[in-house]
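Chain IDs A, B, C, D, E and F follow the sequence of writing; residue 1 opens each chain.
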Amino acid sequence: MIKHLFLGFLLLLVNVNIVAQDKPLNIVVFGAHPDDCDIDAGGTAILFAQMGHKVKFVSLTNGDAGHYAKGGGVLAKIRMAEAQEAGKRFGVTYTVLDNHDGELLPTLENRLKVIREIRKWNADLVIAPRPNDYHPDHRYTGILIQDAAYMVIVPNVAADTPPLKKNPVFVYSHDNFKRPNPFQPDIAINIDSVFDQKIYALAAHESQFFEWLPWTNGSLSEVPSDDKERLQWLSKWRASPLDEATQKSLDKWYGDKAKTIKRAEGFQICEYGKQPSDEEIKKLFPMLGKD
Amino acid sequence: MIKHLFLGFLLLLVNVNIVAQDKPLNIVVFGAHPDDCDIDAGGTAILFAQMGHKVKFVSLTNGDAGHYAKGGGVLAKIRMAEAQEAGKRFGVTYTVLDNHDGELLPTLENRLKVIREIRKWNADLVIAPRPNDYHPDHRYTGILIQDAAYMVIVPNVAADTPPLKKNPVFVYSHDNFKRPNPFQPDIAINIDSVFDQKIYALAAHESQFFEWLPWTNGSLSEVPSDDKERLQWLSKWRASPLDEATQKSLDKWYGDKAKTIKRAEGFQICEYGKQPSDEEIKKLFPMLGKD
Amino acid sequence: MIKHLFLGFLLLLVNVNIVAQDKPLNIVVFGAHPDDCDIDAGGTAILFAQMGHKVKFVSLTNGDAGHYAKGGGVLAKIRMAEAQEAGKRFGVTYTVLDNHDGELLPTLENRLKVIREIRKWNADLVIAPRPNDYHPDHRYTGILIQDAAYMVIVPNVAADTPPLKKNPVFVYSHDNFKRPNPFQPDIAINIDSVFDQKIYALAAHESQFFEWLPWTNGSLSEVPSDDKERLQWLSKWRASPLDEATQKSLDKWYGDKAKTIKRAEGFQICEYGKQPSDEEIKKLFPMLGKD
Amino acid sequence: MIKHLFLGFLLLLVNVNIVAQDKPLNIVVFGAHPDDCDIDAGGTAILFAQMGHKVKFVSLTNGDAGHYAKGGGVLAKIRMAEAQEAGKRFGVTYTVLDNHDGELLPTLENRLKVIREIRKWNADLVIAPRPNDYHPDHRYTGILIQDAAYMVIVPNVAADTPPLKKNPVFVYSHDNFKRPNPFQPDIAINIDSVFDQKIYALAAHESQFFEWLPWTNGSLSEVPSDDKERLQWLSKWRASPLDEATQKSLDKWYGDKAKTIKRAEGFQICEYGKQPSDEEIKKLFPMLGKD
Amino acid sequence: MIKHLFLGFLLLLVNVNIVAQDKPLNIVVFGAHPDDCDIDAGGTAILFAQMGHKVKFVSLTNGDAGHYAKGGGVLAKIRMAEAQEAGKRFGVTYTVLDNHDGELLPTLENRLKVIREIRKWNADLVIAPRPNDYHPDHRYTGILIQDAAYMVIVPNVAADTPPLKKNPVFVYSHDNFKRPNPFQPDIAINIDSVFDQKIYALAAHESQFFEWLPWTNGSLSEVPSDDKERLQWLSKWRASPLDEATQKSLDKWYGDKAKTIKRAEGFQICEYGKQPSDEEIKKLFPMLGKD
Amino acid sequence: MIKHLFLGFLLLLVNVNIVAQDKPLNIVVFGAHPDDCDIDAGGTAILFAQMGHKVKFVSLTNGDAGHYAKGGGVLAKIRMAEAQEAGKRFGVTYTVLDNHDGELLPTLENRLKVIREIRKWNADLVIAPRPNDYHPDHRYTGILIQDAAYMVIVPNVAADTPPLKKNPVFVYSHDNFKRPNPFQPDIAINIDSVFDQKIYALAAHESQFFEWLPWTNGSLSEVPSDDKERLQWLSKWRASPLDEATQKSLDKWYGDKAKTIKRAEGFQICEYGKQPSDEEIKKLFPMLGKD
């Protein structure tokens, strides 16, 4: 199946730059660990890439802690290599910042790194977790992006990197937490057509999806050894039914087609940064409403 | 018009200490940058000052980043001078703390500075932004004031400055953000009578209102060069219609008069610090219910 | 009355290990100051202890600031001694971390200390304040426990202390704050049977309940000098009527008995950590539904 | 004897502004704790003050730790009051910065405070400990003054305080440490004429010289209770014979008179800041060569 | 040979408490990494232990970076286990603080940890590297111990741990650096009788002496696999000829016997802490002058 | 003269890669501000570049404070542009790190940046100031490079950048400070042949050499406006006679030729990093002994 997927992946690549007509969009996705961007926005990223838009994944830590049998720089190097492979499979650029996993804090240094990533990518759209996920690194990733949101246009800040001319749109990626507010999927993207490719790309993070995460939930012994079975196993694991709010958002954006959608990624518009109209959202997410 | 305003300003000053009968109230307004206190509570400050109460504006940063063509200490000195001029026009004392703009963090050092400012002014009322405005400096200003709220009465903390005998009332100044909660204007002050003076005082921040802020929203070329026209231009820009919640609050405090009010400043009572009754609110905001 | 209480206390101790049948539960309660755990969960802790379960109180600061006439290490040593005495009266282990009172920040160092306390106690249940109480130390205690919640299972973090095999349940202790959300007592424990013992144990914090706290609210002169009267005075002070939400929770867990309950302690399940079912809650709080 | 000393002190004050002919010199002395400036440069300060020059003592910490029976803000307030009294007795201005004793670090915040103190006093001469004394606070005081030395003339740094037009001379006060280099008394001041007044002024730090320091060296029981005897006791304690290097420096500056000098204070020229010639040294220390 | 050594080790243990007559001495040795104390003072520690004195090794970091193929917590756990084994072989208590290797900084947190270790061991003697070794962790270890030196007697600092009644003697362990001053072996200890045991104990740090250190100097392929050969190989590697200054110090302390000494450990008296006379040195190092 | 110099510069460029025979050397020079590397090692860098070796200048701050009339990001951008121009004139790569001028501290973040610069350049030789120059940024630059010296070979540190296989040689650039030790020019390079080019390259830092530095020493009015005169003026200013130690070092390396040398740059071998023999020094500085 990997080969199959890979062929499909190549075919998809052929389509790139055919769909895209205008100036390509620039999208930066932030995550705390090498695999977070992938989970949160991987399907959407593939769709962007297929249309010729430029997507960058940025992991704010190097993932050097999340494992039961490896650690430190040794693990970080594994994680960085996996991220590069995943980036290829997603069709995106993948950057892993060399901060310790499990130690991310909303420092000025980190904020400036986020500002520079957004500016250097000349981002139209920034995707990041809300500051209320279960992992402190996730939460502080959310805070760091919030803290960078306005500063990307201020020329005296991070003066070595030219400021953006206008504020990008910032959106949060999906989570299930209810306090202080439940996640509200202002936007929901149909990723049915690329779900298999998303799974294939996620699978590049072997030390995460086939080692560490199964270990944490006690299912390490269930991980198949065969590549094809691994993809099926991972696919089953990552497939969660759509919640009501996401379904409602799909209805808004996809109309009648929405009923048939099985997999989606939801995004909530952040109050900081540009506040887009529905028309602007459609331009920022040109796959909206399409299969 | 500047001259006219200035005359009016002098006349208003004449009235000072006539209205006030009892011990004057002490109010501290905190903002992140030199111009934030002014925008958030400038009209209310003028009303306090007219009644003989003592108002202090404290900017937690020196504004040394927010400009496209100036920066650093050079800009900070411009901003400090503008703040002094604005303070005169508002009839308040203006203090600018020498922290870098765009780099404010909720450190202990900064918290202690806030505690000392509140104590030295012997504050009855403290006004500050909520910790959920768009600019990280604004948010951390909100957090710093929250973190100072209880500590102002603890003698062992900031022992060089005598503690307050009782906790002041802390209120948040208005913002438009909805998450995690929308701003709730528990108090709304009619500033129609002093709106022109507020605009005139805001105009003292030339590098902000006629340079940096227009630059950020692309309207730099529209800024008039003539002083009088500048005030009109600024007046038009800063005049936003009252939102529903503010109108409702005005109704509560001004009764029938509320319908005619055009300009107002709203404040939300912070859960930290003293929780005032409506009677106590009226004493703290003696202009409530008046023209 | 102290003697009387003490006898009762001894009698209660006799019952210990009689009620408990299975492996005892391990509970850690976090507070910011030596007396916070006591107020928040003291009654529940006594009930746990009576059933043979193991409770640990951890104060994240040494309480070296909260007093009008003492301070520094001298005060810290008083507070630590009072905590030891209180621990005996509650039947729990009491640890006071040597951090400055009024200066607690959510640093990595402090997070690691919290992680180690939870792991070393092999906690099934962790109790802590929400990050929105009135005192900055309380809020940062809440944040520190949130930041530790997931990390307690990650072996590479705080590698000197073996990680937990599974995430404990984290619950917040009661407070009255409404923003961003009101406290929601998912669980409410009837502490009528141990309220007197709770008061007796609280009274061990002499420098808090009979000196500092009365001083802060202006009632220092009303504090009785007689031990028995002090307990009565303290009992009266700490007895607040049950609010509606707590009553509702008692109804759920105690059924008809709930109507007669006078004193209770409420807990809200934190979204981080294990999310227990009602059945699991009953196992974690085996006193639920009992007198 | 206190009265006697006090009369002498008054007589000395009469002489002030008689000796001084030109523009008075501005001298800032830095110490780590309230009593360090006094020990290091107290006699020299009296001589400066007598000649009409302006001396400021700055303690970088509030002394809130160095005691066996008091601590925290309570102790800080005692120390601040003692410093004020000592300042009067020395004839100098005394500022105590509210940093924790035993926790001084060479942070940017502290460096900026030092810069501002030097600038606001418009210092011609700065006196500070070398960064190799026995107490970490002393060492970091030395580092902080070194780190401030050049920055006092840079306008963009601490922009709220106008920079000095020229670098002051920085000198180190005497210590007995040999590594990496022994203290070299480039300058030695005869303080015989004011030694009694120095002792009287030191005695203002009661909690230091009659409580804490005797406690640390086990001589607390020997401290006299009578004021006069205390001064004699302190005088004996603080009188150390001149070492060879200091004697040699006295020879250079006082010629034949040097042989009769019994008490002196030595200073080493710091390599940072202005490097004065002997002529300039004589102008900076106009008491050199005099009785 | 390991068995042989081990037997010798047991025989040596038999002698323990026979030699020692008076109250045993308490010695703390600080190093940056698990193996540094061992190299610096391992032989001396064995001699102390043989005489019934109590020695504690404290590594300020967990050694989680110094390896080419392992890292993070996984490596830290290996290093901690090796340290426990080494401690047994030396006859000392071994504590490894859980700070990141390669990231040690002279923070207040770390200083307080050092203070507590010294106090809890009731140290008469403290051994630590000079702050000018080649590794930043070594240098900052030196600074941390210097910064703790005076504070160990101040009761208000680290108030949870009773202060020492008197300052210990602090000595630096040997290094070869010349700037700003060459190491001066005020004391030199003959370790010929225990050199084999020192090598055997060092060998417990397998991941250091047989993996990481050989890797860094390109000799990994030369490391024998046989245990006995490993000891010989290590013995050869660690055997450096005595330098002139050490020989001179041996002459002073051992007289004629000094000429025959082959292995020694040198110590320089730190200017902070108690300054011992030669007589006091002999009491602190009771093996001085003996075989 | 600028044109003349430029022609000479071009001619020199022609020679590049002719002299160099073997694998080119990689040299990194660190300075605190954009112009420090240039002053310290500019002539030597030109000689390296002429021989085909690869030199990189790294300024650890962006120079955003050192000016009387400009500041902040605006000044930083000027400084960065000047550095680029200087780099071209020297024939080196010039990197300016975006840290605030006047605020450099020896943080882990900065240490890691230094480590990465050294690794990425695969440095054979690292040049940096000693940690005892007059400006705190210079001193902390020295400390940062010392702290990086060993860590460049540790793979687990800065794991995103492959470690060096062997430690480079670290040398300090010249300064005039005497404490704790005078600078010792172990190596002295004859720069007579490139002195004019060095001056021409320094002149690229217009805001430094023709604005800020003259302002600080009161000679701003003497700065010529004509480009050619500026170079002559700067040349005169920067030409200091050789001190005795440097002359002695030139004698060692240049023999009889040394007497005629007028301009030189001296370097002291740092005790950290590789300790080269004289033969190795000659290979590292292949211009030694040549005209």
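We take it that a contact is a pair of C-beta atoms (placed from the backbone, for glycine too) under 8 Å apart; a residue touches a chain by one contact, two chains touch by 3 or more.
Source: prediction; values computed, not measured.
J.: Give me the fewest steps it takes to get from chain A to chain F if each step has to go to a chain it touches.
T.: Minimum number of steps from chain A to chain F: 1.
J.: On Cα atoms, by how many degrees is chain D rotated relative to chain E, nearest 5?
T.: It is a rotation of 120 degrees, to the nearest 5.
J.: List the interface residue numbers of chain C and of chain D, divide the shared ones by all numbers used, and answer same when the ratio is over half, different when under half.
T.: Copies use mostly the same positions to touch.
J.: Identify which chain pair among A-F, A-C or C-D reproduces the interface of A-E, meaning that over half of its contact pairs, matched by residue number, are the same.
T.: C-D
J.: Between chain E and chain F, what distance separates the C-alpha centroids? Give it in angstrom.
T.: Taking the mean C-alpha position of each chain, the two centres sit 40 Å apart.
J.: Quick check: how many Å separate the C-alpha centres of chain C and chain E?
T.: That gives a centre separation of 43 Å.
J.: CA centre of chain B versus CA centre of chain E: separation in Å?
T.: Centre separation, chain B to chain E: 61 Å.
J.: Which chain D residues sit where two or more other chains touch them?
T.: Each of 64-65, 67, 71-76, 155-157, 159, 180-181 in chain D touches at least two other chains.
J.: Going by the touch rule stated at the top, which chains touch which?
T.: Chain-chain contacts present: A-B, A-C, A-E, A-F, B-C, B-D, B-F, C-D, C-E, D-E, D-F, E-F.
J.: Quick check: in the complex, which residue numbers of chain E touch chain D?
T.: So the residues of chain E in touch with chain D come to 108, 111, 146-147, 149-151, 153-157, 159, 180-181, 271-272.
J.: Would you pull the chain A residues touching chain C in the complex into a rising list?
T.: Answer in residue numbers: 64-68, 71-72, 75, 101-103, 105, 132, 134-136, 139, 177-181, 216.
J.: Okay, in this complex, where on chain A does chain E touch?
T.: That would be residues 64-65, 67, 69-76, 100 of chain A.
J.: Once bound in the complex, which stretches of chain A touch chain F?
T.: Residue list for chain A touching chain F: 62, 64, 72-74, 76-77, 80, 96, 98, 109, 112, 155-161.
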